[in-house]
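The data blocks that follow each hold one structure.
The following pair of complexes shares a single chain, subunit A, combined with subunit B in the former and subunit C in the latter.
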Partner chain A sequence: MSNEIEPIKDPGLPAHVHRQADSDPIAARRAERQVAILFGLSAIGTLLLIFSYIFIKSDKYIFIPVIGETGAQQFGLGMGMAIALFCIGAGAIHWAKTLMPDEEVIAQRHEFRSDDEDRADFVKTVKAGASAAGLGRRPLIKRSLGAALGLAGLTPLLLLRDLGPLPKDNLQKTSWKAGTRLVTDPGDRPIRPEDLEVGAVAQTLPELAPGEERTLNNIGKDAVLLIRLRPEEFNLDAERLSWTHEGIIAFSKICSHMGCAVALYEQQTKHLLCPCHQSTFDVTRAAKVIFGPAARPLPQLAITVDANGYLVAKQPFTEPIGPSFWERSS
Partner chain B sequence: MTARERIAGNVAGYVDDRTGAAKWMKKNLTKVFPDHWSFLLGEICLYSFIILLLSGTFLTFWFDPSQREVIYDGGYQPLSGLKMSAAYASTLHISFEVRGGLLMRQIHHWAALIFMVGIVVHLLRVYFTGAFRKPREFNWIIGVGLLTLGIVEGFLGYSLPDDLLSGTGIRIAEAIIQALPLVGSYIAFFAFGGTFPGESFIPRIYTVHVLLLPGIFLALITVHLMLVWYQKHTQFPGPGRTEKNVVGYPLMPVYMAKAGGFFFIVFGVTAFLGAVASINPIWLYGPYTPGQISAGSQPDWYMGWLDGLVRMSPPLETHAFGHTISWNILIPGLILPGIMFTGLALYPFIESWATGDKREHHLLDRPRNTPNRTAIGVMALTFTVVALLNGGNDIIAQRFHLTINQMMWFSRIGVLVLPPIAFIITKRLCLSLQRADRDLVLHGRETGRLVRMPNGEFTEIHEPISAEKAWLLTSHEQIAPLELPEADNAGVRHPGALKNKLRNRISRATAVAVPKATETERRELEGHH
Partner chain C sequence: MKRLSRLRRHRAAGPLLLIFALFTIGTTFQVASAVNSDTTTVAARSATIDEGKQLFLKGCSSCHGINAEGGGIAPSLIGVGAASVDFQVGTGRMPMADMSTQAMRKKPVYNAEQVNALATYVASLAPGPAVPTDAVLNYERDGSVAQGGELFRTNCAMCHNFAAQGGALTQGKYAPTLMGVEPKHIYEAMITGPQSMPVFSDKTITPAEKLSIIKWIKAAQNEPQLAGSSLGRVGPVTEGLLVWTLGIGLLIGVAVWLAMKAR
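What follows is the complex of A and B.
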């Protein structure tokens, strides 16, 4: 016995095992019948689809166990289509598996690499082509072509310029001005402090001038949340405290993280939570971030009451609302 | 010759006279395809893409991609009289008035989810079996491209109906664009035609969703399939299968019937889901307005890991020289995904650089026989799964009575700690499985039959395993680690010594293996028994 280590040998492809249908004509006939039954079932599925489309009213509901109340037409159409398609597939595969030849075949692979001669020829052709064009010998053409192509590449960028206006100070400003009334959303009713009980929250927007339309663009910047606490519950510096009115504090509703509406208020803890990424803001400390990915508090809107006793903004927001951007200074 | 055969002959002759296709067809109609259930994963992607094209075309006949404001007066009473965009109103119209419209919407959405699941599982199959190795690196890169585009295409698709949930998703996308240093607010204003939300975004992404991206998909899928065809499919190791052959079934008729049948099965299952499983019921969410939101806002699953990364990000922002950089958005939203997808695309090249293996491979690896690759894959998967779980942290916290804080801190720590642990455990498991394979070949299968010897000792009877199985467990190659020169004979450092040292180290880690059983050892053991 030699000292060489002998690996375990490849026994080769296992011998083919015939199926029942290969040798037994009865089994073959049975398989044929099964395939035909599947195709027949598919036809029934299509009939169900046609029936549902024409005869079932779209407002009819039926009770299906597990799913519950469901539109009868939608269910009939879908099940009909599912049965029709699935049974064609099942039939075809059953046919292939039971009646079509099942002997494995072997094909040979060939290395993709071309032989050395072809490769050398290829390189030669490329070199010959390149030298015939003479780019290397004519630097003037090469450089001017490069510059022209580079410049032409700017065209699509330039043509896309008119996709939108420049931002200018659009991200910095909202519609709130000194004296703008806060109105309810929905309803557009002005609010008096006594309309809000302690613990209440209200979603508000700036009052529209007559004839002005409310657009989503405005709502996206102007939405403000009013929350009423007991004044002694605040933990604010003197300036921020002066921005509140009788325990009512106003924040931008647009999250300082990614601009979702900060809509969840927990009355017990006095926390505001953004449902998108769970940034949590403490209302008593001027919406300071106490948890989550937001890096800045929600901007606070200074409020007071006007001569008629309605809540108004004392001044515009002192910082941009919503998510951060490069030109934002704080 | 029957009439039918004569007609078939005439048609074939007609085509061949004009194209000379007979030679090519003769060869390719009998092309051999190896059979394995995991090779169907890519097919599922292809078929769900076709379903997406068909159902999507149907939807375009009624969908109005416009953010023009309309007052709803359609059949769904709860929203009657409400202001909404024409896009949302037409989606309601498709759902309630067009017969089969809701079914097609649900089929379209389910097919998109199946498409993405298919891509990811197909990618895992290709990765863990090493099917991406030479000569298939191009196809791997195309696949990573398809995955990336699929995520974008899916996001744009569920943004189109302009309901409250999808509008919230667009708002977040806008914030990511806006966070780009220097150009962010400009790109955001160009994309949205001004202030968010504007009236331009949905018409624009509609063109991208139904024309631009599907066109790119078609081109990439075509190249992907042509390469599979031309390079021939990989096959799992087994008796009679070598690097030089393909063992399987011919295209005509077996594979045609099976693959064609499988298309109908995928379509049938998707239709079944569309019929019974409600998905994205936009009429419950209401029209989009930036001032409102619903609790538990979730993206589709293939975006979930990205949202999860954003959620777990620490609150980092830099304010300096009158400018702001939002690390809390840039890192999880752009930088980390960039690193993940670049690493994924380059993996075949990294591995062949580390192992020095530049040969063609057509036989697949069993994952246990490449412990390093398998462990890296499980590590990346663990990272993504933790991120994905955190993408649903609010729902999970609610269902399992946890607090959001617990979930978030679990993810923040877990996303850093769990992947390396997963790497170590996986590598150990692979080596243990190799050891088990070795034992099986050398000592045979445990039969469970206990025998009492004359001296009172109990032993279990082992039966030798079949020659086929023994071959399967030992046919893999065990590559020796690289030994690149770090210093020459005189002890002087080589140029590039540091690089060589690194490669040597990685390749040593890659080559760790339990020596596979050999015939020689087997015979020796038999001698002892």
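What follows is the complex of A and C.
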């Protein structure tokens, strides 16, 4: 009696099953017809596309079930192209699967290494080339080539530098200065405190000096939201309270998380929402973050009125507005 | 005392009293009718106010208080103005169906005449924003679609969606869709700030600019759908979902077919 375990026999590949089309001429002809039909459909699809492009007016609408009222030309173009491309692919695959040769072939892999003779030959050729060029004997060429290559390597540095000027203190500062009037966005009209009822909001930008132009970059930094509450609803420290004016409080509209425009103001809860990541700020507590990923309250702009009774900034923002960046001081 | 009772029994007492009574009634009637003939609209107005008050006492006072002074569950309506009432009741938001987070738009409970009566009554309590007249609301003539679009993107789009389809706020509250809302109600919402919505004052967004916003909303509503179903016009979410389910499902089907051996 032997304790040896019989090794499991290699089961080998399963027997090759031939397709119907290989043995049955009728099935082969049927497969051929199917492939031809698919290619034919593709041709019809292309014709539909050409027809839609030339003959269907772009303002004609048709009703398609599920999709609804649809521009007829767009529908024809899209369906035509979809049918044309899909049926070429489907026909080719069906052809390959049913009619092209179905033999199983075993191909052996070759070694990648060249044989020794070829390798020795290569080394000899390179050495001969190097000595013919005379690199060793002509140091002038060698050095000047080195200098040329090294300088050429500087090019990408210059081009990368050209991607933009360094931000300087643009991230730290906005256009708001002491005495800058708040004007409506859009419309550029100055605002008086009495223009805002309790519960009102206004989207504002700093007033432009004559001849000055508003750039998108500046709008993206300077946007300020004015909100009017009842003064007794505030829950602010003395300094922040002095930054408000008769219940009107001003915040940067740029979210301290990712810089989206925070302007979803819920009048009843006095909450400001950011539409991007649902950061929620409590207006009565100087935009304290009460929900969401924002790390800091929205910067508050100190406001007051000027001699003509218009709302103006009392001072610039005391901290950089918007999301964090490396050099941000706080 | 004796003298008074003697006078009372005097022969002339009856006729004299009768003449006095007739004179008083006549004078009173004359004064009253003079007032009426001079200011019939005031009388009609006060009748409307009375009707509104009756409707208010029956339908609204249980929450808003007998004198619209408000209560623990409902705000005071003194000074909210006719526009506010016309918006809340005219769109069916008030009376509320239940005390959920937000009053929803539904089929109005009161007809136009009753809404007018309620609005007139509430406006009579204290001055507030008035219902805009049809002459004011000629947005087709006075509005500009381009200006309206700019204003909408700055002031409205963050809550109501860039295509005015509405969007979510916090804790179940939402900004409703603006599709199919009457111009009058859009205007009233802007000047009164119903529920979560802030007020947009006439100085920061002028009446003409408000009409531009309305014109833009109507233009967005009537915009043709070249590509068929709008998928809610809420942006990449539904479109992406459709591509991920239908499109990738189709690709998986094709991949399975590719790998299948032909029989």
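Going forward, the second predicted complex is superposed on the first by the 273 of 330 C-alpha atoms of A that agree within 3 Å, B and C clash if a C-alpha of one lies under 4 Å from a C-alpha of the other, contacts with A are read in each partner's own complex, and residues count from 1 in each chain.
Convention: contacts are C-beta pairs under 8 Å (C-beta built on N, C-alpha and C of every residue); 3 or more make two chains touch, one makes a residue touch a chain.
Treat the numbers as computed from the prediction; the structure is a model and nothing was measured.
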{"item": "Which of subunit B and subunit C A:Arg137 touches, first, second, both or neither", "value": "neither"}
{"item": "Which of subunit B and subunit C A:Lys57 touches, first, second, both or neither", "value": "neither"}
{"item": "Touched partner set for A:Ile106, first subunit B, second subunit C, both or neither", "value": "first"}
{"item": "Contacts of A:Gln20 with subunit B and subunit C, given as first, second, both or neither", "value": "second"}
{"item": "Touched partner set for A:Gln268, first subunit B, second subunit C, both or neither", "value": "second"}
{"item": "First, second, both or neither for A:Leu196, with subunit B first and subunit C second", "value": "second"}
{"item": "Which superposed partner A:Gln74 touches (first subunit B, second subunit C, both, neither)", "value": "both"}
{"item": "Between subunit B and subunit C, more extensive residue contact with subunit A", "value": "B"}
{"item": "Touching both subunit B and subunit C, residues of subunit A", "value": "64, 67, 70-71, 74-75, 93, 97, 185, 203, 261, 263-264, 273, 275, 278, 291"}
{"item": "Subunit B-facing residues of subunit A, complex", "value": "4-14, 53, 58, 64, 67, 70-71, 73-75, 77-79, 81-93, 95-97, 100-102, 104-109, 111-112, 160-161, 163-167, 170-171, 185, 203, 205, 216-217, 219-221, 223, 253-254, 257-261, 263-264, 273, 275-279, 289, 291-296, 322-330"}
{"item": "Contact set on subunit A toward subunit C in their complex", "value": "19-21, 61, 64, 66-71, 74-75, 93, 97-98, 184-187, 189, 191-192, 195-203, 227, 261, 263-269, 271, 273, 275, 278, 280, 291"}
{"item": "In the complex, subunit B residues that touch subunit A", "value": "30-32, 96-97, 99-100, 102-103, 106, 135, 168, 171-172, 174-176, 178-186, 188-198, 200, 231-232, 239-250, 253-254, 257-258, 260-269, 271-272, 274-276, 288-297, 307, 310-317, 319, 322-326, 328-329, 332, 360, 362, 393-394, 404-405, 408, 441, 467-468, 470-471, 474-475, 517-520, 522"}
{"item": "Contact footprint of subunit A on subunit C as seen in their complex", "value": "147, 150-151, 154-155, 158-159, 167, 169-170, 173, 175, 193, 195-201, 203-206, 209, 224-229, 257-258, 261-263"}
